[in-house]
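Have a look at this one before I ask anything.
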Amino acid sequence: MSFIVEHGPALAIAVPLMAAFATPLISRAGGRLRELWAVLCLAATLVIVVMLSMDVLSSGVRVYALGASIPSLTSPGGFPIRIVLEVDAMSAMMGLISVSIALLVCIYSTQYMKKYQGLDKFYALLLMITSAMLGLVFTGDLFNMFVFLELLSVSSGALVAFYMGRGEPAEAAFKYVIISATGALMVLLAVCFLYGQYNLLSIGALAGVMQFTFLDKIALVLLVSAFALKCGAVPLHMWVSDAYGEAPVPVTAVLVVVSQASLYALFRVSFTLYGAMATISVIGWAMIILGILSMFIGVTLAMMQRDIKRLMAYHAISQTGYMLLGVGVGLAVIGDVGALSSYGMTAIEGGLFHVINHAMYKGLLFLTAGAIIYRTGTRDLNKLGGLAHAMPVTTCFFIIGMLSIAGLPPFNGFSSKIMIYESVFMFSPVLSIIAILVSILTLASFVKVFQSAFLGPKRREYKDVKEVPVAMLIAMGILAFFIILFGLLPDLAVQWLIEPAAKALLNQLNYVGVIV
Amino acid sequence: MISLPFLAVMVIISIGLSAVIFRRNLVKIVMGTSIIASAINLFLVSLGYREGGVAPIFTGAPRLEMVLPTPQALTLTSIVIDLAVTAMMLSFAIIIYRHYGSLDSRKRRLRE
Amino acid sequence: MKRSSESGMSVIVRTVTCVAAIPVIIFGLYVIMHGHLTPGGGFAGGAIIATMTALFIVAEGGDAADRLGRGMLLTAESAGLVLFALLGFLGLRTTFFYNFLANTGSIFGTQVPFGPNPGYLNTAGVIPLMNLVVGLEVFAALSLVVIFMFSYRKEEQ
Amino acid sequence: MIGLLKTGAGFWNPLVWVAAFFVTALAVYIIRSRGVKKYRPGTGQTMPFFSGNRPPEDGIKSGNMYWGFFEALKRYYKWMKRLHTGIVNDYVFMFVLVMVLLMAAVTLGGLL
């Protein structure tokens, strides 16, 4: 027990990585065994991450130095040279959400991907994405962050192009990888700038000695824009609709969490690394502007889409805007203690709560879209109709996801949105009004999807359509259950997960103190 | 701080970025990202260089001044990653060429 | 032109390729095995050996890509990666990736004597082992990349 | 109290909301059950209301929806379509543009 917690950070990354490497060998023994292997390994990872998170939430930051003679020896001889993994409440929250979505998606794809070739690579890459996400959120080292970012874009880029029979997936993947590679190289350039000045790579140690020179500011700009690119904020969002639209449905649901992991990196850099900078509120304002643009442009473009997955991809952009807005408001007032305690903290909590909620309802919506595609074989909303007759359970799940993304009570989307609305209103009423307007437009565009896909008389061409298989229903059902649970008991989620995470973001000294 | 290697690195990065932005051929775009990666590798190596330093593998070194080992490890890692990414982008370019018969980035298919 | 892409290059080129194969592979193995003493290591050595695959395909023509054993290479790739991760797990008694073989006196476990030396191969613990498995993995993976890219080219004609 | 979420300015309790929802639903049900009993399925009473006309044969397509909204925002959507070219070069160009703007903002923010 204590062994797993002690080695938790390393095990959480290593177990899915090892499983990914072994998947091609195991799939020689048969398809069923391979799927069982992938699901079991992800479940084991989830157990490790849950145990680790419980420990982190109760007893504070946990560090792990790879290859050291004792795990907590991060600075041999007083110099932080080792590769360090550092897990605080914020990382633990992101780790939990990444692994849970990956596990559910894996269960879902045991049915959904059955008819395709090359599944050993699919599962290997899925496990590798999980490992890279956990690495990105658990790492305490800037260069490692770059490595995991590249690992993430390589493995997810390969999965975006999984359908090789057509040209569009390859094109989307090409754009995705070019964009990710350019962004990641800018991260590396920023790491070079920081290393050249301080001879340090560890985030905690760097934050302790940062002087905020001009070069540091260039590094900050490079980091912030690269991570904003990876999380898909307008005007850097164009790859999102291509990649989300053309990837296989399970991969799309994972890609949502992948963007959230980049969002984590953005928050980690701007709060922990640069939190003490005098002009950090400029970055907060930049986040607010990016957030408002993402919200509005994302939702208006979503309304005109005809392809169900591209529509949902634009909604993902729009919802990312809420998180950027919430956390950006917190960052903009970080120097002002009174404002921070009266509404800044709530804004950050709302933004982080929205990260969890978004991963859940967006995952559910993409999985229901997958159920529609699985049975009808089309993504075009103009060709769909009357599916509620044949797929009642999927329809229910879709309604839950739809009401949640539109921010209707009592679902979880509303809980986080009301925290954002009320705290942002105290900061600037106009921003809050835009956020509410975007929510209305979100509902409008999902009503359109609901009407054209599910309502109406039964269509002749879909008379053989049945409910989807059990494995897919289980994955969707678990997500729907947690949406309702988080919707009905938001205070417990905020108290146990979100508030520690927000405090971990704000309390920079805690993160720094463990390293030096 | 500003010296010749750093200026050279900035110039090469600009060349790479302009190739990615202004070239229409997909292979040339891939070359652009490779050029950026090489420039950053050059930057890393020149960061770790110390005038007159020795290789950091001696136990009884003749002088104490050593070239920093960490940037070299970082450079190796980044070369490996760059190799994987480049191979992947080129594979995608091959698939795109097979399906569309053209490598022009402006002959676009996905939009809006 | 057609001849060079379909059935390979001239006899001279093919013979020279076969002759060159032996020193190239030996040099690659040397770089892998001396990774902990000299510049190089698993990645560089594996890439050198994989160059031979590319050279072979170029010399013998596109058909040669199909004659190489893909299944074996795939197994070698996965096996290399699994062994690498396993070496990390074996150090778990202290920490992940802990060098549990160094200075123990067993295989690769001799202590390095102080001062300038010609390079003792039997040192550095798990690092040479990791170089070995990484070399295997990189050789297999890069060969596969080249082979798959060539087979695409062939289907298109 | 379980379910009470403090939002700084106010609070939100989903359990109370659910209770209120059921009470309202009950009231609606009671009022509805006291309504006119002349409802007959299969007659003109159950026809969908579609501006006084019969609805189209195969239902209303998603492309038909929100026509007025798009008509009102025609110029905005035209502009958006022009921006979303789907060319990878433009994606990277936007990235560089954002970097430059952010750099300007951070530099100016330092001066103010």
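General observations
Letters are used for the chains, namely A, B, C and D, taken in the order the chains are written, and counting of residues starts over at 1 for each.
FYI, contacts are C-beta pairs under 8 Å (C-beta built on N, C-alpha and C of every residue); 3 or more make two chains touch, one makes a residue touch a chain.
Since this is a predicted model, take the numbers as computed values, not measurements.
For the pairs B-C and B-D, the count of C-beta pairs in contact is higher at B-D.
Separation between the centroids of chain A and chain D, computed from CA atoms only, is 23 Å.
If you average the Cα atoms of chain B and of chain D, the two centres end up 44 Å apart.
Taking each chain's centre as the average of its CA atoms, chain A and chain B sit 28 Å apart.
Residue positions of chain A with contacts to 2 or more other chains are 174-175, 178, 182, 242, 301, 304.
Touching two or more other chains at once are residues 17, 20, 26, 29, 95, 98, 109-110, 112 of chain B. Touching of two or more other chains is recorded for residues 84, 86, 88, 92 of chain D.
Viewed as a contact network, the protein chains fit none of the simple shapes, being neither a path, a ring, a star nor fully connected. Taken in their complex, chain D has these residues touching chain B: 81, 84-89, 92-93, 96.
The residues of chain D lying in touch with chain A in their complex are 2-10, 12, 14-15, 17-18, 21, 58-63, 65-66, 69-70, 73, 76-77, 80, 83-84, 86, 88, 90-92, 94-95, 97-99, 102-103, 105-107, 109-110.
Contact residues on chain B toward chain D in their complex (touch as defined above): 17, 20-24, 26, 29, 105-106, 108-112. Remark: chain B residues 1, 13, 17, 20, 26, 29-30, 33, 36-37, 40, 43-44, 47, 68, 70-71, 74, 77-78, 81, 84-85, 88-89, 92-93, 95-96, 98-100, 109-110, 112 touch chain A in the complex. Note for the complex: chain A touches chain C at residues 7, 10-11, 14, 17-18, 21-25, 64-71.
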